[in-house]
């Protein structure tokens, strides 16, 4: 039931909000976001109690991993909704609200279904729902970004479809025909008997396909454009959770492939792409010119780190990767929201166009600094701990060279990020720049940072057990 | 508010110091909380070595906080970061597993980074903060790799488990772990050539923070080196000790050579911190070498000398930074060539700074001398190891230590003399005044402790030696003479600071009395400086800091590689009439030119090449996907 | 059945190669319609032989969507465009060579699938996959937004053929999602192409290279 | 106890009163060697007496550093006099320190003198201070390495211990390593006490002087103290050289006869060293300032050779 509400609320809202406009729309927007968040909480509670929740005859199913993602999506969408919608000349909020909720719906559907075919449809749906949001400004740049986003992600996700088809092929080949052949639960049950080579082949397609969505290099090329041109709340959602939805999809299949063909195969691929992503992102972060693009590249870097965690494997590696997904979602969404404010105040997304942030916008600048520190993996924020976990898994599993190389690259990325942050934060600002008034605007970001601090120095009770549980779900 | 924070910091310092001293005396504490974090959670253990470094933190942070209190009214930025800094430094020695250690370590770095960044918000302090943060992060990466490797090999992230399992590890594994960890700690300790951040970051921070960074934080790098070389990884091979000793020797000499030519007062102090870290490492290296050679008594001596010098350096470097802070605060400049004559305007600061300078120059009967003497005693007995290669390493250490000692005297004659003596070179220096009472109190405490640590060495050194004995697991305490005399290795060498101090005092009184008796206290005529009959003395005629350093630039020009810029503007009418001459003789950093700049250049070029990937062409992007697909299909 | 499906798949591949070869836009669009019809025929054939009647519905949808609706949208998009590239185009020889290479690659890559498969349709699987790769290749080399769209549609057709041959079609819900997907993508593309033409007076993709680095 | 006080008094008197004589003797010898009659060896006493009777002229620029420096200088030398084995191997404060302490006591003097040079604010003072500390710094490695060489042979670096150990085996003093260390130390002594070829105590040529440039502003009793301290430094250095490297005939037990014997032996050795010094000073011209480091580097090489010869030829 809670699962149905969870999916129904945003879907219904998308329809409803297409009709309503003005102040009621904003109220409805916030209400629906709150309902979604509450439903997410309820789902998570049920999952903790019962292990999994199902609806619609098993078509919708949430287990620990789904619940983790659902809570994350709800959190980040709450954060994004707390930010006032972008007021752009050509596009009224009328377009923004429904698409926003449609976008959230598709992401929730992707992580809340048991059917990998439906999951594919939902992932494709996230592209379609968000591509318009990217082009909300209807400027030349946002048009170009949206075009590339649509083209590249469609191609990529279509490749993932080939992978799905191949897995399905292996599945029905094994099983004969069955109604639930594309159900993940069925796949996992049958996995040990699937033909290894076919499943491996399928995984390559899935990796390239969903990797495109997750922003793994070299399929990441749409990401900096789309993330930087989208309005801040959308960027927050895209960078914060959309990428993780791609990773989620990969994870589901990884479990199947691991059981069919042994874990080395997927681990090798994930490590290769993870390392490549970190390397490429580090090179771009070394000398960024646009801060939203910088944040986007940093997302690539962190998704790379997550992939490393999955590739290193083991309970620690997978648990660390999951935690990293969550930590990154919080830090990155806060940063994108703040960058929206900065862009509004300075009128420029160029790093060179922003100086003296800390002096001119003390609240925004201070939060930006803290969130950047969190993003760079400094304590007391959670990314530090999750990175330590991931690398610990790396050394544990004997992948020294990869762990060492990525550590080195992370130092390079750190240097670049910090230099850019310094350029923005210090110096003298134009007198026209003023901060968003009131401390209330700092509350959502403050809460997110507080959560990050919790995962960084004092884990809430149950977190360790939850991560362990999810990692066991996925592990062999 | 600000005052409250600094008072709180001082109280924290007192508590930390008390806990530390009780730890040195053998009180052991352990606190674990595995529920808080993964990989074993938080784990704190107090043992004598941790106690010593805690005491060090407490000892330096009390006066530094007092100084902060003295400036609470004018300087409010960064007070919370300061509190965090002190607290994190106190956590580092206590941390007993990898994650706790890394957390505390990185919090300490983060807090100090924030303090550096807020020090001036000027361009240079931002740049300094960047270099600092990046170097620290690189160091952290090394530490992380080393600790996680150890964790992987021993199956635990607890240092106790490392200790137990270390001897069973393969030698190459231990060497790798040691190298990584030592590199990470060496960054913090400011070991050449990983020191580049130090002369940038220390001056940029507010002075009470620089005092703690130089006085305590780099010691925590030393702490890590002690742990990793003698404790966590068990007994190491000789090359660890040799590496530490040589690194220390190079750091000491290069540090002081850099200090001696710099015009920025705080940079001079920062470079001198590198030098002193080097001296500490020379002692530590000797200890490790002796331990490897199976001479535990001498090993304890080396470690004791190192720890004692760490303590002493904390005393005088904190003092000097506070003094420099008072100068900078009063004059608004750190350039020594703009200062001068402060001794008459800031008598209190001058007296305290002079004490610190004399102590760091190792003049008896102050503390710096005793620890350098102790270090030398540890080095001089190396013939007991019968390996010419090791002896040669020791000989180099001895020579480096001696050269350093001499150059330090020169360096601090220059620092004190140019800054405080003669007449002000610029207007700002002429209007200077002593700082507020809390700051004066802080400096006085430190100056007195420099004296007390020197004259009272016979009380302090045995206590530190007990820490060393406990660390190395030697059963009996090292015999170190009686309350009056420090005796090293039986009859090898002895030193009685009280006697020397008394003799000096009595001799001084005797000379005065003799003068009075000889009726020599004749009339005093005040007049302007004679200077071989030169007329009209102006500040422009004073010897400048640059000039003072000139002999060293000449002698060590292979190191400094100075360049000369002369800019003469002649009168338009005749070139014989010179209107203005500008002369600069800057030195060039070997490490910037040959290590860091090429490195940055390479990284930059590499990044440029990679950045061409994002060319904007959608077709190309699609091609990447196609190629990635084909490549993965072929290779997988 | 094997003969029929293999033959149809082969024809599909031939149509793909012809699209690669042709330069004129209306011709390529016609070829795309032919290809879509071939796929519909394939689905129908399989529906008959394998006794899978829901595939008839699928065939009907394909005809409606890909042979009628989408070509019409493509026609709207190309309105006002010259039928052939204004500048003399690259020779298609190179492209055809690459396409040939991709066919070989497709056979190699699909080896594990054909190895375990006992389906009567297995002979067509590599051909369908070659259609996929060549479609992707056409997308990669597309010189304007239309080229991208067409390439993507060919690619999509290839995947459809592959799914059909390897698994006799996916469950209805997924299949419906896929069709909806293609339609929405094409519609969105239409919106973008119109907007691009407004902004840039051209739909050549080299205009869309402002975001870089 | 009484013996200790007696020894202390004898040593203090020997250094305090004998130092000017030694300086005078070196001067006289030098004069004789170049064929002049020269002043009487007692001339330094007359100079000191004259200076003590004069007024001080003190620059208004200076601070208390300038005022205390002469006292500090004299005090460090007197304190050193209680440590150096002159007429007996273990003087009163022999336990309190060793060569290293002595060297650093001398450095106190250098430190303050250089500061005093800067204090007056004249270019010469700074120049002298700068050069003096440079020479002192470069001499330091030689000293310590030479001490190391000694310690290797004697097994201790306590002065008394070295003297007794080497005194017991007189032939040890003639091994090549030992002589090398002696040569190194001798060069250091020349540099530290400001003798030719490093510095010329007899001139005030502005651009080359080192020690004299620092004390340029001193006058009257202050100058007397500074000069006295300088001669004490020379005395102590030479006595140290004599008794440390050639500890023949240095008594180990106190007693009037022993002290007298020690005094006579010391006088003989000092005379010999003074002659060597005088010969050197008349034979060698002053080095260019920036070639002094080469000389010191040479002495360092000698000291290092002395050390390595030991553990390589073990």
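Here the chain labels run A, B, C and D in written order, and each chain numbers its own residues starting at 1.
Basically, contacts are C-beta pairs under 8 Å (C-beta built on N, C-alpha and C of every residue); 3 or more make two chains touch, one makes a residue touch a chain.
These numbers were taken from a predicted model, which means no experiment stands behind them.
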item: Furthest chain, CA centroid comparison against chain B; value: C
item: Chain pair that, of all pairs, has the most C-beta pairs in contact; value: B-D
item: Innermost chain, where centres are averages of C-alpha coordinates; value: B
item: Centre-to-centre distance between chain C and chain A (centres being mean Cα positions), rounded to whole Å; value: 31
item: Where chain B and chain C are represented by their mean Cα positions, the distance between them in whole Å; value: 69
item: Length of the line joining the C-alpha centres of chain C and chain D, rounded to whole Å; value: 99
item: Junction residues of chain A - those touching two or more other chains; value: 147-148, 151, 155, 200-201, 224, 284
item: Chain D residues counted as touching two or more neighbouring chains; value: none
item: For chain C, residues that touch 2 or more chains besides their own; value: 109, 136, 139, 148, 208, 210-211, 213
item: Inter-chain touch pairs (all); value: A-B, A-C, B-C, B-D
item: Chain B - residues contacting chain C, complex; value: 611, 614-619, 622-623, 625-626, 629-630, 633
item: Interface residues, chain A side, partner chain C - complex; value: 115, 117-118, 120-121, 124-125, 128, 131-132, 135, 138, 140-141, 143-148, 150-151, 154-155, 158, 161-162, 164-166, 168-170, 172-173, 179, 181-182, 195, 197-198, 200-201, 224-225, 228-229, 284, 289-290, 293
item: Touching residues on chain B, where the partner in the complex is chain D; value: 340, 343-344, 350, 354, 358, 361-364, 369, 373, 376-377, 379-381, 383, 386, 388, 391-392, 395, 398-403, 405-407, 409-410, 412-414, 416-418, 421-423, 485, 491-497, 499-500, 503-504, 506-508, 510-512, 515, 518-532, 534, 537, 539, 541-544, 547-552, 554-555
item: Of chain C, residues touching chain B in the complex; value: 105, 109, 133, 136-137, 139-143, 148, 205-206, 208-213
item: Footprint of chain A on chain B - complex, ascending; value: 35-39, 99, 102-103, 106-107, 110, 117, 121, 126, 129-130, 133-134, 137-138, 141, 144-145, 148-149, 151-152, 157, 603-604, 606-611, 613-614, 618, 620-622, 624-625, 627-629, 632-633, 636
